[in-house]
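Letters A, B and C mark the chains in the order given here, with residues in each chain numbered from 1 onward.
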Amino acid sequence: MATYVLIHGAWHDGDLLGPVADHIRAGGHEVHTPTLAGNGPKDDKSTGLEEAIASVTGYLEAHDLRDIVLAGHSYGGMVITGVADRMTDRITRLVYWNAFVPNSGDSLLDLVPPHFAAMFRDLAEASGDNSLTLPYPVWRDGFFNDGDGDAAQAAYDKLNPQPFATFTDQIALTTDPAAMQLGKSYINGLHDAALPHSHGWHPRLSERLGLFRLVQMMGGHESCLIDPGATADALIVAGRK
Amino acid sequence: MATYVLIHGAWHDGDLLGPVADHIRAGGHEVHTPTLAGNGPKDDKSTGLEEAIASVTGYLEAHDLRDIVLAGHSYGGMVITGVADRMTDRITRLVYWNAFVPNSGDSLLDLVPPHFAAMFRDLAEASGDNSLTLPYPVWRDGFFNDGDGDAAQAAYDKLNPQPFATFTDQIALTTDPAAMQLGKSYINGLHDAALPHSHGWHPRLSERLGLFRLVQMMGGHESCLIDPGATADALIVAGRK
Amino acid sequence: MATYVLIHGAWHDGDLLGPVADHIRAGGHEVHTPTLAGNGPKDDKSTGLEEAIASVTGYLEAHDLRDIVLAGHSYGGMVITGVADRMTDRITRLVYWNAFVPNSGDSLLDLVPPHFAAMFRDLAEASGDNSLTLPYPVWRDGFFNDGDGDAAQAAYDKLNPQPFATFTDQIALTTDPAAMQLGKSYINGLHDAALPHSHGWHPRLSERLGLFRLVQMMGGHESCLIDPGATADALIVAGRK
């Protein structure tokens, strides 16, 4: 049995991964879903990427976790890349799950289409505290496309504002992902349109991993909420030996 | 419950969408499947694109339909774009279903690969009445790839010659689709090879919509005939609030 | 009922296609799974592509097979293209199944990404007999990505070294595949990552066939071992009239 640590995406928190974690636990695995610094209910919205990474390395140390399958969803890909660079020997396999794969020096904003970066900047500037929340129509049709409208609204009401610095901070790595001596997997939801497919997750970002295990699933960007069982299955296929 | 108006593709007519409509009605919705001008049994094969569009706007007025989910299949995408431009306030959401997405000035022929355009021109010239019918091998392997041979032949026998002017007429729009203030969805069948995937439906044409809801399904271009239940499910996911 | 001849890929042999063949036979069809020259237990590892092709044409003659659906998996696409060029009149339809589609003058190495070609060359040089075996990590994550680890290891233990000349020999054809007057199908597994998707099987290689029937399936490169039933279903859809 494996030890899974699941790192949520932007605007989410660890609790939203609870249903996925329960499905993985039903397979006999240990699962952790920490909330990143910056996404907790009382967190300062000036939190940056390095603090988010440090909140995971601190969690792994505090719980003395080893032989980990470390999975990151979306923005969580930035974070797990940093964690893997700092704590390579605790990790068996990295799982990117429609997630960003940065090389050293990249910020998340460098990896999205220019019109997304501009929208994010405008939202952060208008926020008053340099955070941003997705406009509902973008969430509904771009992120929650395969779910129903009531569920989309209910999920939207649980999101928290994302500290914009986590999107603009450039990651510093000693080793880029392709050169990391770890197992690597990429889960790609065939319905995932959170990034436009002309500038998408896979293969554009996945192939930055070098040799990796591809897991395609029928699901969109919020499959953790819409179909947690299928998401758990994909994470198990991605994470097994 | 919603009001669906389904606009068929080239060579088809509204009756061929009957099984899909029945499945959607079983979900409690109202469904209309008008036959476009040019595709009726007695229609003049000199019909052009503007007449096809007008046959739908006339239908919507005659039945006083409002709050419509207007879905267009294949060539039907040309038509619903024109209808939406002329009757925006009657429409809640446009659903393009492996369909063409024109900007103002585009003809259907501008949106297909050059070797398709050449084949269509040759067929129209040879027809005697400026119409065209797909050669059976193209229908069988390119359009009906996921169906069986007897069903492919039976469906082929129900097709009607397409007025070529509907493919060559340039559409005139006051607003291109990306700027239309309407909900928009794009259904993409993963088996759909009616356009070659190097010059395909999605994301090449879908991303002309600006923000849209992507619905991917396991089905080919003629899923309306091969798997009407799955097609209806996709239309419901595409059309719901 | 049809006569299927299934041609295995590199490192495989005909016996490994036994479970797929049994599923197809259950549909009432006749199925042959010859082992290519170069992949038999006592075969010389200096075998070249022309000998592999000749081993199939010899098999078809010896069994006097006609009206064949000739399917090739992966490297088997090189072989069936050569067979079709030499024995067109015995073949009803070619089925490429995540397979290479060469034009005259191409070697397999010309059709893979440069870093694969370099890896294959290095492995062959190090082998002592100009053959090559995939490193296990490449097999596990690149080829067997959708299977489990024990099954991956068990299958790996059944593979045989591939004569490198079958990858470097240029095929000589009188007719390139697009111009062959035969039915053609391409089966593409959506999980197949044996080639990177930025330089993949479909549509890059499939569209060399001209008009062809696309069959997409949920499966990876080794679906013959991981899900022989779904593979057989795809071969039947690809091969039917």
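Assume contacts are C-beta pairs under 8 Å (C-beta built on N, C-alpha and C of every residue); 3 or more make two chains touch, one makes a residue touch a chain.
The chain lineup, named per UniProt: A, B, C = Alpha/beta hydrolase.
Fair warning: this is a prediction, and the values are worked out from it, not measured in the lab.
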item: Superposing rotation of chain A relative to chain C, computed on C-alpha atoms, to nearest 5°; value: 120
item: Numbering shared by both copies at the chain B-chain A contact, with half separating same from different; value: different
item: Chain A and chain B: spacing of chain centres that average the CA atoms, whole Å; value: 37
item: Where chain C touches two or more other chains at once, by residue number; value: 190
item: Residues of chain C touching chain B in the complex; value: 183-185, 190, 202-204, 207, 211-216, 237, 240-241
item: Contact set on chain A toward chain B in their complex; value: 137-138, 140-142, 145-146, 148-149, 190-191, 193, 196-198, 218, 220
